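Naming follows writing order (A, B and C), and every chain is counted from residue 1.
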Amino acid sequence: MGNCMCIRDLCDRPKNTNVRWRLPAVCFIWQLSMIILFGVFVRYNEEADTHWVHYKNKNNITSDIENDFYFRYPSFQDVHVMIFVGFGFLMTFLKRYSFGAVGFNFLIAAFGIQWALLMQGWFNSLDYSDGKIKIGIENLINADFCVAGCLIAYGAVLGKVSPVQLLVMTLFGITLYAVEEYIILNILHAKDAGGSMVIHTFGAYYGLSISWVLYRPNLNKSKHLNGSVYHSDVFAMIGTLFLWMFWPSFNSAIADHGDGQHRAAINTYLSLASSVLTTVAISSLFQKTGKLDMVHIQNSTLAGGVAVGTAAEFMLSPYGALIVGFICGIISTIGYIHLTPFLEEKLKIQDTCGIHNLHAMPGVIGGIVGAVTAAAATTTVYGDLGLANTFDFTGSFAKRAPNIQGAYQAAGLCVALCFGIGGGIFVGLVLKLPIWGDPADENCFDDVIYWEVPEDEESVPPILVYNNHMIPNKNSDRRETHFVEQS
Amino acid sequence: MGNCMCIRDLCDRPKNTNVRWRLPAVCFIWQLSMIILFGVFVRYNEEADTHWVHYKNKNNITSDIENDFYFRYPSFQDVHVMIFVGFGFLMTFLKRYSFGAVGFNFLIAAFGIQWALLMQGWFNSLDYSDGKIKIGIENLINADFCVAGCLIAYGAVLGKVSPVQLLVMTLFGITLYAVEEYIILNILHAKDAGGSMVIHTFGAYYGLSISWVLYRPNLNKSKHLNGSVYHSDVFAMIGTLFLWMFWPSFNSAIADHGDGQHRAAINTYLSLASSVLTTVAISSLFQKTGKLDMVHIQNSTLAGGVAVGTAAEFMLSPYGALIVGFICGIISTIGYIHLTPFLEEKLKIQDTCGIHNLHAMPGVIGGIVGAVTAAAATTTVYGDLGLANTFDFTGSFAKRAPNIQGAYQAAGLCVALCFGIGGGIFVGLVLKLPIWGDPADENCFDDVIYWEVPEDEESVPPILVYNNHMIPNKNSDRRETHFVEQS
Amino acid sequence: MGNCMCIRDLCDRPKNTNVRWRLPAVCFIWQLSMIILFGVFVRYNEEADTHWVHYKNKNNITSDIENDFYFRYPSFQDVHVMIFVGFGFLMTFLKRYSFGAVGFNFLIAAFGIQWALLMQGWFNSLDYSDGKIKIGIENLINADFCVAGCLIAYGAVLGKVSPVQLLVMTLFGITLYAVEEYIILNILHAKDAGGSMVIHTFGAYYGLSISWVLYRPNLNKSKHLNGSVYHSDVFAMIGTLFLWMFWPSFNSAIADHGDGQHRAAINTYLSLASSVLTTVAISSLFQKTGKLDMVHIQNSTLAGGVAVGTAAEFMLSPYGALIVGFICGIISTIGYIHLTPFLEEKLKIQDTCGIHNLHAMPGVIGGIVGAVTAAAATTTVYGDLGLANTFDFTGSFAKRAPNIQGAYQAAGLCVALCFGIGGGIFVGLVLKLPIWGDPADENCFDDVIYWEVPEDEESVPPILVYNNHMIPNKNSDRRETHFVEQS
């Protein structure tokens, strides 16, 4: 603590990455806005308010355990771990961008959940009697979900943007998310418990489009930092595993009480298990000597969780879940091997974490699986009550038939795609403005631009040798300095 | 990502560790078999099926919160973390086998849970009316438990086998587990909520027997890699702590609703706390200057959780739990100091993680504690209903007396031992076939055999120096190459 | 495993840090005492005892899900993770004290929870009918809370004390905690669900006072080790994030069933989110080029959770929670920048982890917020029943008015402060006795004193170079030895 100094002096760059005024200003203004808006709009819902005791009596609820808190809090905490540790550590694989990965992930998510509570609240939880948004545990889960979309997008631009850009990207991302979610879930009445469409498809295409607009033709200047070291790969596995383990909670968190949550957890558990085996198979098959690649293990093993998101609460059947995981493990791994280079070279989309393989393709597959499964639903399989319960065929949707539902599911997927691509292009153009403090091409993937990085005393000589090779002019000075110190 | 190359070329070894066809083939075939078998056999049970709403009405269940999901899902997720992060990271202590530790653990577990759902399903969850296995949350927990046995066994052979061998070992291990579990729990009607016998004793002797059959007389050729570095020891503590913290969930996950789960969690919590203090005491006592050894802290602190597994749901009493932890912390730590070298030199059992000290001995002690505690149970302590509830003295076992139960508990322990040793010897012989791609003695404990390992640019020179000492012929070339690069 | 040797020989120090007899003796004696005291005093409560089935029938409880276990176990496990992984890993930021951070944290906590069960049990859970302490899940949570106070205190003396001192500090700390907690919660009838006063204020001033008594004027001799390296900062983020994510569980774990737990979780979630943004803002603002400092991100982001502890279960309102987090993020970060150096230079308080900024100031603020919020409570906002429920205005406190409650809350804060400072000075004097094996000034923050540290083969040359610079006489020998080995 304290005894830190930045290793490389970067003031002589043409790009101004000094965010000393911009970053604090954005953080302060946005946090103050949140306080004001929360003051005007946000209150506890009846299950979190001290009036719960009155509410219970009025509604003949016999026990506090019927409070939604006890149905959803364990799942909420698992989702929370996925957002902060899962996404955060998954991105620490880069050798010198772990602070940025886990730290900016933290910043984005902490801001995003507040803005999401408001945006989603206005659309879904507004109490028209008093004009207030009433929040409870389900709103917290939805806010975490909403942020997940932006964190997915962060994966595409990891290492290439400034924290100010990330905050702007999150502000717009959450806003777009809330609108597309409202259209898909409320207007189209599509179901998407695990968010294959709403979260993954939207988030991935949002990020990919931004990355496309922000294309850096000379990114190979920082190529030496765009890779992992041994320990950074192990750190990334922390992220992978927490995402993998808690994905059943993700897909079941806001599913129906009872069998809905139960079934969603089982389907996701199975789909993920299946993905692991096909990921390993493809990873080994495509290397000369059958070795496994950590990039695939860290990412493609999760594809099954993404793809089963929409259909997790349907009667997909255990073997159906296995098939979804089987296919997505294959497609995602092949994506890392063949598609990522293609996207970069031909389509000019630089996708640092390969979100196209982990979220975009499996998300679209998930949307299709959801549409097909919904269209094929029958009362024989679901039961009368079960069918109505599962698809919420109540109120104005009471007469909707499963095949119509399938069509609306497909329409939902298109909406997610349009919002992702369209929104991403727009926000990409905003982020191209030369005012956000983004790094120069040669400084991408490097924590020293935005973080006080401790001088790594124990490994000083290796760093010097390495620097010597990469930036010879500077290193000669540095090495001398050190020799002087040492002698 | 991508910018990887393997550091040492190994094609000139007599052993063929190229698993390019074997590993994908095994993964594909087994995953396809799972899909087919799940298609034929596996369905949701009544609590995870959309017919839950009918079931509820029929059985006068007033609230969805009565769904078993809400009793067990939080514990399930804790167990899930123990299996994937706990076991996975505990084994990352080796300096250059972290990918294998956490990655192969992932692979084994993901395959094992699927096969376990089938094997355990045929024995325990088969609905004879339609010939289907009906799964719910408790099956997922049991599948995770089943895999734990195989992961324990992996600890004994860590670094010395190929992923194909591990998958074969898991296939047989799960099968044996399901049979011994059925004999112990159903036929003998022994109780083993936390699996001291069924999981730990079986798993440990299974692994030790395999290791005995696969004995490598020249393993000291890779001795330099059979140890930790500073950061790998910290990674391993992640595994230790998640195992330690969530062990109360492990032992209580499938215990009886209500007081059963409650008591199992308390007993485990106490036993584990006690283990920590005696582990520290013994570790310090046996070093010249009283220093602590990370190996002991990482492993022996967990012995109390293993040993209290069987008796956790009994009226062991809080002080009884403390005594169990007290004894096992001592025995396990002394095991690491004196028994592990003895086993290796005299009995030719090479036990990489020391599972004999962490699982075998505490598991047997746990079985004995369970037998004694069961035999000593009285209606005074348990109450009439309580005694019958705790030991499930219902149906054909309604008239069993506690002392008879004690004898059956002891018999259960013997069954676990026999299956572990017998099964391990058989599977060890299978794994000796020269077709599985296992590494040469000098390549044990080294990730580069089965993984694309990133060139660790920052620490290139140290590795060279170290290699220089170990494999001089190669290094001279390498060093030159590097000097050329650097100049 | 095994292949370890200590890097630096330290026998020639005037201080005797050999704890070979003292540490084992203390561990054994204390663990034996625990067993005896538990044997005499501790039993299961009616919800964890096999008599639960009788209890249920007698009290017309219709379902096992009404067992307190299901209300609190998920929160308990989250708290458990905070204690062992959260606190443990947060302190791994030092470059060469990760074993001590996570290992001694483990030791302290494992001992502390046992002693806390007894101390808190005597005060709160004693069944006067048979003189036994009856424990259940809530006692486990409270024991974890109690230990949190001591772990906070450990943060101030991290790296400067021996494990024996830590055990003594914990023995006294838990004792003092139980007394102050009883005075604050039972006698004054103050509310403090999340422990801003009882845990954080007490723990922080306890640690700071001890650190003040143990002041080391020549601590700069080990200044080179009092800082982080790149990977140790990433490890510390594991601690930060698990604390941050699970803090809603911490503040809601022992709150009232139903709306109490629900509201406490929401308030904490919001306060923490707000802290992150202001921490980032201040951290960036106070650095020359706007770079972020990991010390702030690791610590000050948590200040909102500390400060909302007391008021979390009150009707603080969502925007109230955001304001609390907003203010504390600012104060805590400025504390790290300006107050920590001031405390060290002027007040002679060496605070390794900066607990003054993370726990002391936010804890006091939390106490004040709680007092003000309680004093301002009205039946309009809370409802008749709600007000009585929230503040437990029952029995002899049935007629207490909110403004009186506010005064008692403030009195509670003073009690916590007095116990912390007074107790800390007393215990500091005890720890000054020259019998505990504490390290010399030049060996502070160094794991090699109390741990077998693996020789870090891969980075041997860098360490030598570094040592060469620091302790030249020794290194010449070492380097030669190595060269001999290598040639």
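Everything below uses one rule, namely that a contact is a pair of C-beta atoms (placed from the backbone, for glycine too) under 8 Å apart; a residue touches a chain by one contact, two chains touch by 3 or more.
Chain-to-protein mapping (UniProt): A, B, C = Ammonium transporter Rh type C-like 2.
Since this is a predicted model, take the numbers as computed values, not measurements.
Visitor: Taking all residue numbers used at the chain A/chain C interface, answer same if over half belong to both copies and different if under half do.
Guide: different
Visitor: Given that chain B is a copy of chain C, what angle of rotation, in degrees and a multiple of 5, matches their CA positions?
Guide: An angle of 120 degrees brings one copy onto the other.
Visitor: How far is the middle of chain A from the middle of chain C, if each middle is the mean of its Cα atoms, in Å?
Guide: Computed from C-alpha means, the inter-chain centre distance equals 31 Å.
Visitor: Can you tell me which residues of chain A touch two or more of the remaining chains?
Guide: Correct list: 65, 70, 74, 231, 238, 459, 461-462.
Visitor: Please output the residues of chain B touching chain A within their complex, sorted ascending.
Guide: So the residues of chain B touching chain A come out as 1-4, 6, 11, 17-24, 27-28, 30-32, 34-36, 38-39, 42-44, 47-54, 56, 63-65, 67-70, 73-74, 77, 80-81, 84-85, 88-89, 92, 96, 98-99, 102-103, 106-107, 110-111, 113-114, 117, 135-137, 140, 163, 231, 235, 238, 449-454, 456-462, 485-486.
Visitor: Can you name the residues of chain A that touch chain B in the complex?
Guide: Residues 65-66, 70-71, 74-75, 78, 93, 95, 223-224, 226-231, 233-234, 237-238, 241-242, 244-246, 248-249, 257-259, 261-263, 265-266, 269-270, 272-278, 280-282, 284-285, 287-295, 297, 301, 315, 317-319, 322-323, 326, 340, 352-354, 381-383, 385-387, 389-390, 459, 461-463, 465-466, 468-469 of chain A touch chain B in their complex.
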